[in-house]
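The same subunit A turns up in both complexes below, where it pairs with subunit B and then with subunit C.
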Partner chain A sequence: MAMFIDLYTEADTFLHRMDPRVKVVSILLLSLLAFLVTNLYSLLVLLAFIFLLLFLSRATLSRTLFALKFVVRFMLLIVILWPLFDPTGTPVLATLGPVKITEPAIWRGVTSAVRVGCLATVWYILMFTTSQRDLVRALVKMGVRFDFGLALAISLRFLPTFGALIENIKDAQRARGLELGKGGLLKRSKNYVAVLVPTIVSALRTADTLALALQSRAYGARADRTYLRDLTMRAADYASLGVVIAIFALPMIARFVFDIGI
Partner chain B sequence: MSEVTEPVVRPAPAKFVSPRTVALYGVLTALTAAITYASYTPFSPTRGYFNLGESMVFFSALTFGWSAGAICGGIGSAAADILLGSGIYAPITLMAKGAEGFVAGIIGKRDTSKPVLIAVAIGTGGACMITGYFLYELFILDVGLGKALAEVPINVGQVVIGGTIGALLSYYVKRSYPKVAGA
Partner chain C sequence: MIPSPIPEESRQKIISVSDLKYVYEGGVQALNGVNLKVSKGEYLAIVGGNGSGKTTLAKSLNGLLKPTSGTVLVAGRSTIGLRVAELARIVGYAFQNPDHQLFCATVEEEVRFGPTNLGYPEEVTAAKVEKAIEAMSLGRLRKEPPLSLRLGERRRVSIASVLAMDPEVIILDEPTTGLDAEEAAELMARLRMFNDDGRTVVLITHDMKLVAEHARRVVVLANGRVSLDSDPRGAFSDLDLIRQSNLEPPAVTLLSHRFAEYGMPQDIISPEEFVLHLLRQRGGI
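Right after this comes the complex of A and B.
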């Protein structure tokens, strides 16, 4: 089993230095844009732009491949399955019993696949360039309640710990003769209970200790919290925000004001 | 002691969720993600992978109630999706698994001694999840009917196995760590 992957890669690019709030907003706007754009070529331009940003984020090759492995498989599946279930349009290219393959259906499948490609890869820009701490900080700054932010931070902090714990308990139970890799899906899952129960109990003990630690550090003592590190928008952040809003707004104006198909 | 004692004006304590709850929810969320990740078994040539994350959603809902089920199930599973490289499902996972935990918690937490009630809770919660994924794939991602339908049987199997394991976990953990029963 591979170790837990924190997708964040340490680097010093403009994307890393950007305020995480700007990045969150940009990702949301670009995703929305992918939904609103209908033309295949415009979608391809958007996909190219996303890949450019991904390239600029200087993620290692292995991480980029990890990100793309699932996406490419998913896109291929759409391209293959779409024409089989969509018999509308002409010309008809092939008929096989009730299944009709038409040319427009193939193009619709490709368009949908590219859109899914955009939606699936755009998130990695954020994940590759923002540390988990910054992400939580940005969410709290954007209005998520502080206590929820803290719970999220705790869960991100304990993810690798529990991952290691599960592996340890697996080894311990294997040493007692438990077979995890054998049998059908149902049997395998049932055997997993012997791993999960000790894991959960141990994790719940951790939660108890954690609650004491929080209390002893005066968690929630006063409402007007102060922060050691605060997020501040710099000029470059405002500029990037402006660029992203323009990228989103211009096609929208073209579509809804001047009625140009995009 | 001859210090001048000034009256200390304390601001009213903030209305945050109790530290116990914050710690518990944080840990349950991490557990959901970690177990989904650790039990991840790719098994079909298409997309499919099987995992036991479902069982943690049901465990949280049946043991700690609807809010734990909704929050920990939703966020934990979505985080696992991102870690496993299928981040495109993260938004719907957040909602579908959240709804699953919510519904299963509301129905199942009332009386955990009745197996029928628990089965109904798991079934209803699972149905919410399956419908959510189906609608998301069909209408939001627009992947076509074929791809969306292909997912349904996988998800049904996931709910059946996850639900069974989740109910078992809830029973065993309450027995071996009685402290949680009071939570």
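Right after this comes the complex of A and C.
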């Protein structure tokens, strides 16, 4: 019952073929850019570019929305809550007791929501086009210790497993008449013990088994690891990296050299 | 050894599923028009290969999953309007992995959890807990922490914790997985007693030997539909259909098919029957 799925989807697009190192660097640069850009219109341009990449990676809209549905809810929450807690700026549109709604605050809320949208989408593209194996290989190649890479790979691999496990445990306890959302705060936290204990116990049992499985395959027997598949940069990878660096650098030059607001 | 089917019309329907479809979030269609009526007191096995929709169907029967379309009536009421906790009084569900249910400090507390949630008065709860502990012969272990027990014992605790809610129907998902032959036989004997008590047992399993020995009715699921609904004898005589559903008939049934040319009947489902026919043919009886 694949309620939780690995985001990676096999396909043959230039983003899928791209060297994972280039993808990681690109995603980092684009994320950084999303933080440095303060102007809503520039952010929208960035979002449009990211959506173009999404389109090129052949992610269907329905799958993307399904994967990002919590992000979309989070964005709505930002748009709604920001003006309520940010009373600065003029003109003031409405005053409700201590709450002051101002026009700039509304725009700041929208800007932050778009920024979150940019970040989520750009990372979604990375996860959508890069298998976890490639991702870890890239990180290790970029200097991350193999142990950490493996730990990361295992965590990523088991996230959906534990998601499904928790759902199953919730179902198992609901079948015993447990109603998680019912009662006061104390009763509710008590209810969650019935989910938490089996989750932790099952997780520990899984971890134990996994450690044995790793050892039985001689994990750590050699300090210098060899790899079945190595990563090589191709011309297209250098070109892509160049394009992304340019996309990152141009607004930076505009801002810090020519003092143009971005 | 082989229980004879009780005439269906003489009994009351406890579960009535019509044209049930279920689509998971994300688009996987697990059930595609299931029709199934279960009467009180039946011993039913739902079988099918992996991904055939067994677990989805089972979760629909106690309201954990609500139909995408179609209806599931439990004791005459649609599951759509009922909470899982309300349905738990009628349909108990013991999950495959007992470790997904056990969390209390002692076996007794564990068994008590369900009836307490259902809000029975204390003396009723106590009585139900006692009955369940006895039914799964856990008296000796009642003060033990359930998580430190052996798998067979943990499975019995998890089943007792469902029995303690005193349901009309109990659904068991692969109850014998990981048990040795003796533990499995003991568990199945205890379930038989529960069934003899007039309660309904729904077994979800891959194990055709278990089905042949215990169930009175077999429902085969394939691709989210009921592909066969019959007594075990009828079900296993159609080898092709069973195999198309990614199942393997009991070894003794396969053996009887090998002996077809020597006049062995094709609907043998127990070793006793096989021996009986063999002796009969040789003039031994």
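The rule is simple: the second predicted complex is superposed on the first by the 180 of 262 C-alpha atoms of A that agree within 3 Å, B and C clash if a C-alpha of one lies under 4 Å from a C-alpha of the other, contacts with A are read in each partner's own complex, and residues count from 1 in each chain.
The definition used in the following text is that a residue touches a chain if its C-beta (ideal position, glycine included) is under 8 Å from a C-beta of that chain, and two chains touch if they have at least 3 such contacts.
As the structure is a computational prediction, the values presented were derived from the model and not from experiment.
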| item | value |
| --- | --- |
| Partner chain(s) touched by A:66 [first = subunit B, second = subunit C, both, neither] | both |
| Touched partner set for A:197, first subunit B, second subunit C, both or neither | both |
| Touched partner set for A:107, first subunit B, second subunit C, both or neither | neither |
| First (subunit B), second (subunit C), both or neither touched by A:51 | neither |
| Subunit B versus subunit C as contact partner of A:171, first or second or both or neither | second |
| Subunit B versus subunit C as contact partner of A:146, first or second or both or neither | first |
| First, second, both or neither for A:119, with subunit B first and subunit C second | first |
| Which partner, subunit B or subunit C, touches more subunit A residues | B |
| Contact residues common to both interfaces of subunit A (with subunit B and with subunit C) | 1, 5, 66, 165, 193, 196-197, 201, 205 |
| For the subunit A and subunit C complex, residues of the former touching the latter | 1-3, 5, 66, 165, 168-169, 171-179, 193-194, 196-198, 201-202, 205 |
| Sites on subunit A touched by subunit B in the complex | 1, 4-5, 7, 35, 66-67, 69-71, 73-74, 77-78, 81-82, 84-86, 109, 112, 115-116, 119-120, 123-124, 127, 146-148, 150-159, 161-163, 165-167, 170, 185-186, 188-190, 192-193, 196-197, 199-201, 203-208, 210-211, 214-215, 219-225 |
| Of all residues in subunit B, those that touch subunit A in their complex | 10-20, 22-31, 33-35, 37-39, 41, 43, 46-47, 50, 52, 55, 59, 71, 75-76, 79, 82-88, 90, 140-147, 150, 157, 161, 164-165, 168-169, 172-173, 176-177, 179-180 |
| Partner subunit A, residues of subunit C touching it in the complex | 24-26, 28, 30, 55-56, 59, 62, 64, 83-85, 88-89, 92-93, 95, 97, 99-103, 113-115, 117-118, 147, 161-162, 165 |
